[in-house]
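Paired with chain B in one complex and with chain C in the other, chain A is shared by the two complexes that follow.
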Partner chain A sequence: MQSIKEKIRYTNFPFGVYVLFLVMILAFLFSTNGTVSPSHLLNIARSAAPLGIVAMGQTIALLVGGLDLSVGTTMSMVNLVCASIISGDPGNIPLGVAASLGLCVLIGLVNGVIITKFKMQPFLVTMAMSIVIEGGYYIYTQGIPSGNLPESFRFIAEGWWGILPVAVVIWVCLWALLSVVLRKTVYGRKLYFTGASAKVAKMSGYHADGIVISAYVLASVLAGVAGLMLSAYVGVASMGVGTEYTLNSIAAAVIGGTAFVGGIGTLEGTFPGVMIIVVLQSLMTILGISNAGQYLSQGLIIAVMVALNQYQMKKRR
Partner chain B sequence: MKDTKTILLGKNLSKEFNGNVVLEDVSIECREGSAIAIVGENGAGKSTLMNLISGGLSPSKGSIEMDGKEIRFKSPVEAGEKGIAFVHQELSLMEEMTVGENIMLGREPKKGPFLDQKKLHRQAEKVLADIGYEIDVNRMVCELSPAQCQITEIAKAWSSHPRIVIFDEPTSRLNKAESRILFDFIRRILEEKVSVIMISHRMDDIYQTCNEVLILKDGRFVFHSPLDQTNEEMLISKMVGRDFKNVYPERRKTKDDKIKISLRNASVGSTVTDVSIDVPEGTVVGIGGLEGQGQRELSRALFGLTPFTAGDYMIDGKKVAIHSPADALKHKIAFVPEDRKSEGLCLDLSVRENILSMVLKDNSKAGFVEKKKEEKAVEEGIRELNIKVSNPKMKVSNLSGGNQQKIVFSKWIKTKPEILYLNEPTRGVDVQSKLEIYSLIRELTKTGVSVVIFTSDMLELIGLSDEIYVMYEGQISGHIAGAEATEEKIMQFSAKSPRSEAERRKEA
Partner chain C sequence: MTGSVKKQVKQAVPSMVVLIAMILIASLVSPTFRNAYNIRNIAAQAAVLAVVAVAQCKVLLIGGIDMSVSSIISFGTIMVAMFSQDTAGQVIFSILLAVGAGALTGLVNGIGVVKFGIPAMIITISTQAFLKGICLILMPSGGGSVNTGFSSFMRSRIGVLNVSIILAILIYVIVFAVLHYTRFGRNIYAIGNGEVYAEQSGIKTKKNIVLIYVLSGAIAGIAGVFLSVRISTGNPLVGDSYAMDSVAAAVVGGISMNGGVGSVIGAFFGAFILTLINNIMNNMGISPYYQYIAKGIILVASLMIFQIKRKEMK
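Here is the complex of A and B:
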């Protein structure tokens, strides 16, 4: 008994956010008077997949002691690039995907290298990057986005394998993979340690800069994957489809217990963080509450969860 | 002394956190003009007791009376208003503000609705002058040395004209001369009927300033007496709970001829010039001197944090180029930095994560960590260094200085080093942990590890080192065998440069 108590006391598993997630689902089922089927919930999860994937990248950037404000425009950029390259022809899919993700790797590298080598604030560097990307795709499209995506590509967002949406399967698989990397590998441990203190990490002989750079590359590439999935939803090239994902991804990570100081947080928390945001949005829509109410309640939830996470951190001593 | 007026009386104070009793039934009486030394090992409850009487915590049981009336502080601010000032060991200064602004924080003089900056800095200057130090009050705190920060912190506490001043390890960042000024100041304020409480691990400090001593152990009261009826050995044995005669482990008897590390005419910019040192295998070489004579820079260059600008650095007779901690690790060098909080440990992570941080690879297979091996390594680390934790997943920031320092040692020893550079290894560490660290260092030398210890603690330098080098203005001003070293000899070398010695000889 004692040991279970101890385990709970010292675990970094984010129980609080799962409780909130559960409450949210109950509220959802209750307010819709049980007219909602489980598949409806799966459908909500399906629409949450792009946010879920980009939020994992954001969590990694936060864990390493930074943040990435360029993930939203990266998603927008991927949408424009892959749609224009593929432009309805399934034969062009590999090229479109490769070009998109290649650009993401480049963006992550530039972010990471500038942050580590010039010792600049991640906030400013990634904000500047975000603006540069936006300028870049305006030049690329000349302001007129063109291109669309074929059915075979849209399968990753719209398709179902039996009762499971393909998008959710991709999301959960990526989650499982990254979770193992963060929890069970030497690299993951070093990432947490470097995030907690880059100075101590360097003193311990880590290649701390490399770890930070890799985290930004991961964040960018995950934003790229999220962008591909989002494009599969939208089906066409469209300006600024990813804009809202920057702040939502930070919100999801923070609701899930990831701290801004680095080294604290889990992907296990980010998952319900994402779901809470998306379920809340659906709930508000179903209840016919305006955007204003949506924003207010989302803001409130962020504030409450941050306070709760802080409290839990203090208690863990 | 006995009939002076009581300012504050803490009666039968107890404190528990979630069922853990950290302080049980301890009383303390602060009288006008008395200075109480509070001593005890880490986790003895010293800080808890101080926090109870200064409003940082509220007691679970017991009461606090001030001027005969029962009182309950809601916060340290309220206690401050009532005349209780606490000079914390952890500095609490605003780095981006001036010394003056920090000293007068919360008590700024106003001119209409605006701050009166001129008056503020004048007042701050006066506070510093009262204490007996000179620091330019217009300088930013971030530009100050650790000693100057400590003094600013003291001035900040004193500026509120407190009736009780609590000092937590006030001299840990001060050198001898600076400490002496502080002690003079304390003696002066005692005459002005201020009451002083001092937590210190340095017996010297206690005997120089205090007139009473209160010993705590494991959260309980052990001993209280006027200081003049005690002696150092008696206090230590009461504090540790057993007798011991010799603080320092025995020196090595046989001398190894093999030179492990050798520096030839090494320089680091202008802070270290022309230093030559030999470290025989399996010995402890101490580097002493006054604070700020280039010791810190030399230690950092040895570990590859800053480059040597001239000279040769040889290990096992071969020239080496060490440009980063990663290079140093390849040469089996370990380094205990002087500031464990910013460079030694990740405070927000657990004991477990910190102990394992250097040996992730050893406890993994194909990039994946092996939990069983890790558990074993952590368990061993905690046991070997006698680290006091109830659970290895505890956050390091919640441990005492002594336990934190042991974790730094544990983390580095896990790399199985052949060379160990220690920078102020026992700063802010309690007596019991100090002893354990000393014997650990000795044990390591027996297995062939070569140790270089940079310390400003004279007794530690003499007690621990097989050979001693003294630095002055970036140069080696003296070299003595440890067994022949005395405080006087080292002080002589500490105060004059080899250059002026040579010049003097030339003149003669």
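Here is the complex of A and C:
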């Protein structure tokens, strides 16, 4: 018993967020008078998958002490690029996916290299990058998005395997994979150490810059995967589908206990963070304040959660 | 210690040279640029951005950043459009509402930074999102109307310049004097150069930082009033681009993102440079989509150039 207590005390597993998540679901069930079935909840989880994937990327960027504000526009770009390349023909799917993810790798590389080599603030670089991407896809489409996605591609967002939505399965698999990478591999440990102190990391004799760059590439690629899934969900090319995902991904990560100072946070916390946001937003859609409510909740959640995190860290010291 | 006024103003010289070069080349090449109507138009356009840039500039000088200016501007246009229809009293009331809301947002930002230790970027992004939500509740899409007497007063011209740009210049003169010739201004530079040292030398850093955020919010509210006159309506999304543009204007004008280096004059030149780039690209018939890319590249490039130059200085 004692040892279990000790273990719980010193683990970084975010129990508090899971409690909050349960409370949210109970509140959701009560406010809809129990008319919500489990399959409805699974459906909500299905629509949460793109946010879940991009939030994992954002968490990794936050872990190395950075921030990626270009994930939202990256998702929009992937939607436009893959839809226009595939344009309804299943034969073009490999090309479309490869082109989209290739662009994402490039974006991540540019972000990472500029941030590390020129020692510039991550938020400025990624925000400027997001403007450039936005301009890029406006020029690419000339303001008129075109193209759609075939049924076989839409399966990754719309399909069901038995009672499980395919999107949720993909999300959880990616989560498991990345979680193992972060917790059990040398690379994952290096990510945490670099975020905790870039200076010490450099002194320990590994390429801290390389780790940071790889984190931005990962964040961009995960945003790309999320963009593909979102495209499969939407089914057609559409302007700016990813815009709200930038702030939502940050909010999800900070709800899960990821700190802005770097080196603190887990993917296990980001998962309930994502679900809390999505449940909250479907609650607001039911209440009929979806658009404005989304901004209100984003603002409130980020401010309050970061303040709480900071307060806890101060107490621990 | 980079205390002397001269040294700070020097940071603005590159932007001044660029601005003059741009004006000379553009007016030599293009007759449409030269004509008085276009120049008045640029001045009127730049007035809003210049006012936001002065707000942003002060926050950057203490090493912070204020992303909430965009929503404060939108909120300002909505206030003026909703409440200023009839009498002069209503106009004043609506302006007070806009400025007051800005100051309140700034207060929240400042307290978040000082009391809770939230990074400036994060707290101002949250207040930006929150205020945008309120804007969307008040006015889901653009609408309302601005008092015609008020807008024609703001648009009326004295010489070549209209009232709004003259007021903007007036704001600059006041802020310049405050920053460089008062104790408060000195404190700001001291905090920007090293908050811990400033605290140790007896400056009430926390009070000063909160005050800066409040002032920044209030000035952004004024910018919102200026913008409402330009567009004649209220709009919940019209301010969105100003957060980024104001940072870009300040950075182009030689204000360091790390705080403590630069002068507001630079922000003024920076605002004009950005406006000119838009104007020249429009005159040349380049698709507005390229302006996004130009803006992003200019921001990163000027940051890089200053970063490299300042590294050499040390």
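Just so it is clear, the second predicted complex is superposed on the first by the 286 of 317 C-alpha atoms of A that agree within 3 Å, B and C clash if a C-alpha of one lies under 4 Å from a C-alpha of the other, contacts with A are read in each partner's own complex, and residues count from 1 in each chain.
Keep in mind that, in the parts below, a contact is a pair of C-beta atoms (placed from the backbone, for glycine too) under 8 Å apart; a residue touches a chain by one contact, two chains touch by 3 or more.
Treat the numbers as computed from the prediction; the structure is a model and nothing was measured.
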Touched chain A residues, chain B compared with chain C: C
Which superposed partner A:L177 touches (first chain B, second chain C, both, neither): neither
Partner chain in contact with A:Q298 - chain B first, chain C second, else both or neither: second
Chain B versus chain C as contact partner of A:L106, first or second or both or neither: neither
First (chain B), second (chain C), both or neither touched by A:V19: neither
Contacts of A:M129 with chain B and chain C, given as first, second, both or neither: second
Touched partner set for A:A98, first chain B, second chain C, both or neither: neither
Chain B and chain C contact sites that coincide on chain A, given as residue numbers: none
Of all residues in chain B, those that touch chain A in their complex: 17, 305, 324-326, 328-329, 335, 337, 342-350, 353, 356-358, 360-361, 364, 367-369, 391, 393-395, 398, 411
In the complex with chain C, residue positions of chain A that touch it: 67, 114, 118-121, 123-125, 127-132, 134-136, 138-139, 142-143, 247, 250, 260, 289, 291-303, 306-307, 310-311, 314
Interfacial residue positions of chain C with respect to chain A in the complex: 112, 116-119, 121-123, 125-137, 140, 244, 247, 257, 287, 289-297, 299-300, 303-304, 307-308
Complex contacts: residues of chain A adjacent to chain B: 6, 9-11, 184-187, 189-190, 192-193, 196-197, 199-200, 202-207, 261, 263-264, 316-317
